[in-house]
Amino acid sequence: MINLVSRADELLESKAVQVVIGYEAGSTGKARPAFITDPSKTGSLIFDDRCVQNLAVYLTKKEVRYFGKAAIVATLPIMRSIMMLISEQQVFAENIVVLGVSAEGKYIDIAGIEVMQQYIATCDLGNPAKDQETLAMLNKMSTQQKFDFWQKELSKCIKCYACRQACPMCYCTRCAVECNQPQWIPVQSNLHGNTDWHILRAMHLAGRCISCGECGRACPVNIPCHLLTMHMADQVHNYFNVYAGTTDKMSSVMSTFEPNDKESFIQ
Amino acid sequence: MSEFEPKVVAFVCNWCTYAGADLTGTSRIRYASNVKIIRFPCTGRIDFMLLLKSFANGADGIIVSGCHPNDCHYTSGNFHAKRRWIMFKELMDFMGIDMNRITFSWVSAAEGARWAEVVNTTVARIRELGPYVSYKQMVNTAVEEEVTND
Amino acid sequence: METTSKTIRKHSLEKLYASLAENRKMYAPVAEADNRIGYKYNPDFSEVIFDHIQSTLSVKNVVFPRVENVIFYTNNKNDSTVTDVDLNKIPEVVLWGAHPCDTAAYDVLRSIFCWDTKDEFFAKRLEKLVVIGLACHKSDAHCFCTSVGLSPDSTKGSDILLVPLTNGDYKAEILTEKGNRILTDFSGLFEPYQDEETKLTHVEQQFDHKQVTQHLKEAFENPFWVENSLRCIGCGACAYVCPTCACFDIQDEAKGKNGKRYRSWDSCGFGLFTLHTSGHNPREVQSQRWRQRILHKFSYMPERNASLGCVGCGRCSRACPVDMNIAEQLQALQSI
Amino acid sequence: MARIGVFVCHCGENISATVDCHKVAETVGKLKHVAFSTDYKYMCSDPGQTLIKEAIKEHNLTGIVVSACSPRMHEPTFRKAAAEAGLNPFLCEMANLREHCSWVHEKNDMTTDKAIDLVRTLVEKVKINSALQPIKVPVTKTALVIGGGIAGIQSALDIANTGHKVILVERSPSIGGHMSQLSETFPTLDCSQCILTPRMVEVAQHPNITLYTYAEVEGLDGFIGNFTVKIRKKSKSLDEKICTGCGLCTTKCPQKKIPNEFEEGLGFRPAIYVPFPQAVPNKPVIDREHCTYYIKGKCKVCEVVCPTKAIRFDQPDEVIEVQIGAIVIATGFDIKRADFFPEYGFGKYKDVIDGLQFERLASASGPTSGAILRPSDGQVPKNIVFVACAGSRDPAKGIAYCSKICCMYTAKHAMLYKHKVHEGKASIFYMDIRSAGKNYEEFVRRAIEEDYVNYIRGRVSTIYERDGKLIVKGVDTLLGGQPVEIVADMVVLATAGVANHGAEELAQRLHVSYDSHKFFAEAHPKLKPVETNTAGIFLAGACQNPKDIPDSVSQASGAAVKVAALFSQNELTREPLVAFVNRTAPPLYSTCVGCFLCQSVCPYQAIEREDFKTRDGKIIKTVAKINEGLCQGCGTCVALCRSKSIDLHGYTNNQMYTEVMALLNEY
């Protein structure tokens, strides 16, 4: 990762950015997000298979913003998250520098948004293969089987909202579940409250999910909730031929329409 | 035991389907009284969460209806609604929530007879499907330790 | 009460389990998918495991369920009728095979729920609970019970503590009246303990909690909090898996004229937790919430409840998606 | 504490024949917060309304549910009654027991139960209704009229005469439009200039009218009563305040061979020019595209000869922003020109001309001083052919519509020709003669009967030149499709009227809709022919579709009345059923996070941005804000908003949620 480190060093040294958001070695053999402000400490930056968190989630975090301009280590899902955040006016392109990392873990120079756009265009933007397999398996089930599968999974949910907090697209100051007039989602983590919550989350990420899978990974009780949003991503592509996070000017699938949108169920 | 009477909630827009249902009335066309209408300004106003709330509170079926494409009083509310319904239906299908229980339709202000037909076919279909037991069970499932009052 | 030590043979355990299960709900650890451990009500004894390190969720739900109904009400034309929850419906439960950290957590919870006013829901549940603990012969890098004044064979919170023996049998320490009653009721299943060798894991002490508590008194404004919580994403995973976290929310939920008031788990790590109606939030950013979490457990509770708010189970560190390792941070805190 | 009144109407027997109205009133009366409940034969009758009003007062009701017919029928009636009793009209809801219940169901318990459910739903809703106040929007009492043709002139004068300020913007150097090019006008044959120029002068001198010629509208923001318009005043390259309009520069300009637009290319003009002698304002502009100085960097003859030193070669364009309250679009039309009719040789043969060119030939102030002469050789044409419907009513050519004015002006052209060339022969090929209008048919009859114009019903297939003559080949359908061939000296094509160039761009700039032919679209073809879909923007004249002068003037006056009516109020009042974005105390300001996805769902561009700033102007947060003047209340943004930060008055999230709950649960 010599390029990543030297580039981070250069950016901090020249004061082009005030913080580098990347990964460092964590406890018990894990890797974890790191925030480096001192050029002498860029040596701790790492990138390997353990670096899984979607760092884009920090771009909208208040305390990280206090630093000023940020450089961010970005794999494809993180780049796509950044595109979405710029499109939705949560992040300004001029305030970030992207330190690209390819699928093979190699540093790639992302000189600007256009370069990032070009890079994303060369990538496979579908869901990760193993998730796509699970989706296909689930899609083959009968309605009742699907219902039973999800009810079993969702009964585990304790409403800790790790899925929401880990998602870079869930940046709302007040989430709809916190709205109590009316109380759309039952607060209790019973089967009903859990089911409503996960439907709401998936609907709100329709056309916005960039298939990083971070929600499912963050879940402390292992609910594969990422499959819900990934299914939506899949269908958005299916119906509207759109992959989220390909440009910094995405027009949201759910806030636009084509008069000839195809469906077969409206009488 | 009395025969199962489906509870059906209809979410309709003010300008087309609500007016169409008014016309059904003015034309004295009879239809099943199982359906009850809630009036919205536009199909674009209909929140998908309200459909879930209906099932959670005992509805066995739902009708969502508005202006035909290109006829929206607000020019494009129904197009946006259509996209939402496409995605909503996909998600519901994926989660095993029975989409046969929701009728999506376009009924204009001039289609009084069509409204009656939409209602009657929906009620007949729901009658056949029976009460939405699995959803009701889901809603009533308590947490293991919970002390309930029944 | 004076502690009595007995031996219970491996084959007698099943009999004890079956006998207890006759008129009580059993709550015992079982293996789940993805190499996870979870507790389950009334599992078959064959499912019950004895060699787990840690379950994903704690067992606090037995005394502090994730949803606890508080009252039921009906709105009438001119008034409302309120019905209390029938606490007699709370069943007798035997918690079987919980590790000493989890059983010790009940003491911590008691110090919170019965601090001044006795929380009748909690107290009733605890009253109806028999705890048969299981000392640990396995541990992992996340375990730090020895750093918070406990050990793999702490007896705190257990009515009977089973300590594995090298020969595969168990030493049963009878610790309370409840434990004693079981001993009396099923005396045939117990044998005298003859100093057989116990099999216990070793958990390295990582910090001195007294020193941490001492340091925290001066640490409120320390930049440590911001530096070490930048990566915290503010989810509630740590609090929800924690055996001692006791924050809850109270909600009313009505359908038509009938409704109920319930309390459900909450977390001080959520931004909304301290948000005032005015819009002011005294814990506006995540570092303040993270600080609150640590201070509450390691400074406020020792001061107010005379009990440390942490039992060293390590669940929060295991669950954290961004590696907020509490032991690591406490170790660092001890030397600031 | 809510005190709700429920009024169940029998509607004669319309409801009570199937629904047990008494039972409905009785059952609903047992609900919490229902302070009064009754049934009555005719709620909408005077005694019925009195009953409601008295109950409101007597029981101090905080909301009422009238359970009767469709709210689409009587909601205004009962809301008015509520208001008269001192209850905010938006605290009155209607349960539709007639159209949605009694008329469509059998008489049985289930039907009555349904009626009870419907009423209960509205009772629960009305409990959480808010008293809404009509929205008041201030009105800037200045109108903008775009286009200085006869329609624009008429509108501007009419509005100005009601005492309101008008800004008239014209893109060419003079007002007057196509009408100033015309020779005489049908059906009276009075001189166009004679009737128009006094109006033009009136515009220039009117104290309430500000005239910007050589100017264009660049952009528009805002909404009815409160528009901000950006106007680009193109540089005229001279100081108008100093210029006396002596005209010396125009005679001395060495560049003299520029095709004269006003003369439809039949004459020439210099680079510094006044479009026509009666132009208003009568001061020249420099056509920078053709001026030698601007092309080659030297000349400046005009500057040298100008007695007042008014020439300003380096004068820049000026963009001004003006606050206005209403807009009249009167940008007029154009006609199809060259290369659209290769089969007629238009553009190839000099003596095949269009209607506007003929107007200039016939005009006393035109290039031939009113003599009808052939452009090719200046000879008087002995035999002249007029072709009506050149392009119009021809779907194959892409124009299916009738241009409306051609029948009349072709008859006029033929008459003018005959009046000037007594011995000449005039023939008109036509499809149908459309002469509906006061004195129009008589006018056409005169052409035929008194001036012996030869009307041939049929289309011209081709025109070609032979021996200096134009051979016009067509058919006479009245003679069974018999071929007709006329050897003509000159042919005049009544080409189709089309949208003016730049109409589409302007429509987009003004956010108004236009049809497939780029004509501006009216809000309703019959009942709102003067309005556009955008409130506060009106149409006048041929920018909507080809129109003759009386129609244009009528519509212009109509548009002026619409503007005047708008300006007669100090504030506009609107139904308050509009969306709103929540506001909370700092530091949150709003739960809106400013993703602005709502902006793209809004059909009315009603969602704006609002910045919250620190005292030194630093932006803390930007959130969405609904422009109440533009929002029509569809609520599409409300259902989209993830954080539930937008809501819709009258159909709030809480109200709709409550309705669902109330409809399905026991109370």
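In order of appearance the chains are A, B, C and D, and numbering begins at 1 in each one.
Keep this in mind: a residue touches a chain if its C-beta (ideal position, glycine included) is under 8 Å from a C-beta of that chain, and two chains touch if they have at least 3 such contacts.
On a predicted model such as this, the values are computed, not experimentally measured, just so you know.
The chain with its CA mean position farthest from that of chain A is D. Just to note, of A-B and B-C, the chains joined by more C-beta pairs in contact are A-B. A separation of 33 Å divides the Cα centre of chain A from that of chain C.
A separation of 45 Å divides the Cα centre of chain B from that of chain C.
With centres set at the average Cα position, the gap from chain A to chain D is 47 Å. For chain B, residues touching at least two other chains, in rising order: 48, 53, 57, 76, 80, 84, 142-143, 146. Residue positions of chain D touching 2 or more other chains: 588, 601, 640, 653, 657, 661, 665. Touching of two or more other chains is recorded for residues 174, 184, 188-190, 254-256 of chain A. If the chains shown are joined wherever they touch, the resulting network links each chain directly to all the rest.
The touching residues of chain A, when paired with chain C in their complex, are 26-28, 30-35, 53, 57-58, 61-64, 158-162, 164-166, 174, 178, 183, 186-190, 214, 217-218, 220-222.
Considering their complex, residues 70-73, 96, 98-101, 103-106, 110-111, 114, 117-118, 121, 577, 601, 603-604, 632-636, 638-640, 648, 650-651, 653, 656-657, 659-661, 663-665 of chain D touch chain B.
The touching residues of chain D, when paired with chain A in their complex, are 588, 591, 593-601, 622, 640, 642-645, 653-654, 657-658. Note for the complex: chain C touches chain A at residues 33-34, 36, 56-57, 66-67, 141-142, 226, 230-231, 233-237, 239-241, 249, 251, 253, 262, 264-265, 267, 270, 272, 284-287, 317, 319, 321-323, 325, 328. Contacts from chain B toward chain A in the complex involve residues 48-49, 52-53, 56, 69-70, 76, 79-80, 82-99, 103-106, 118, 134, 138-143, 146.
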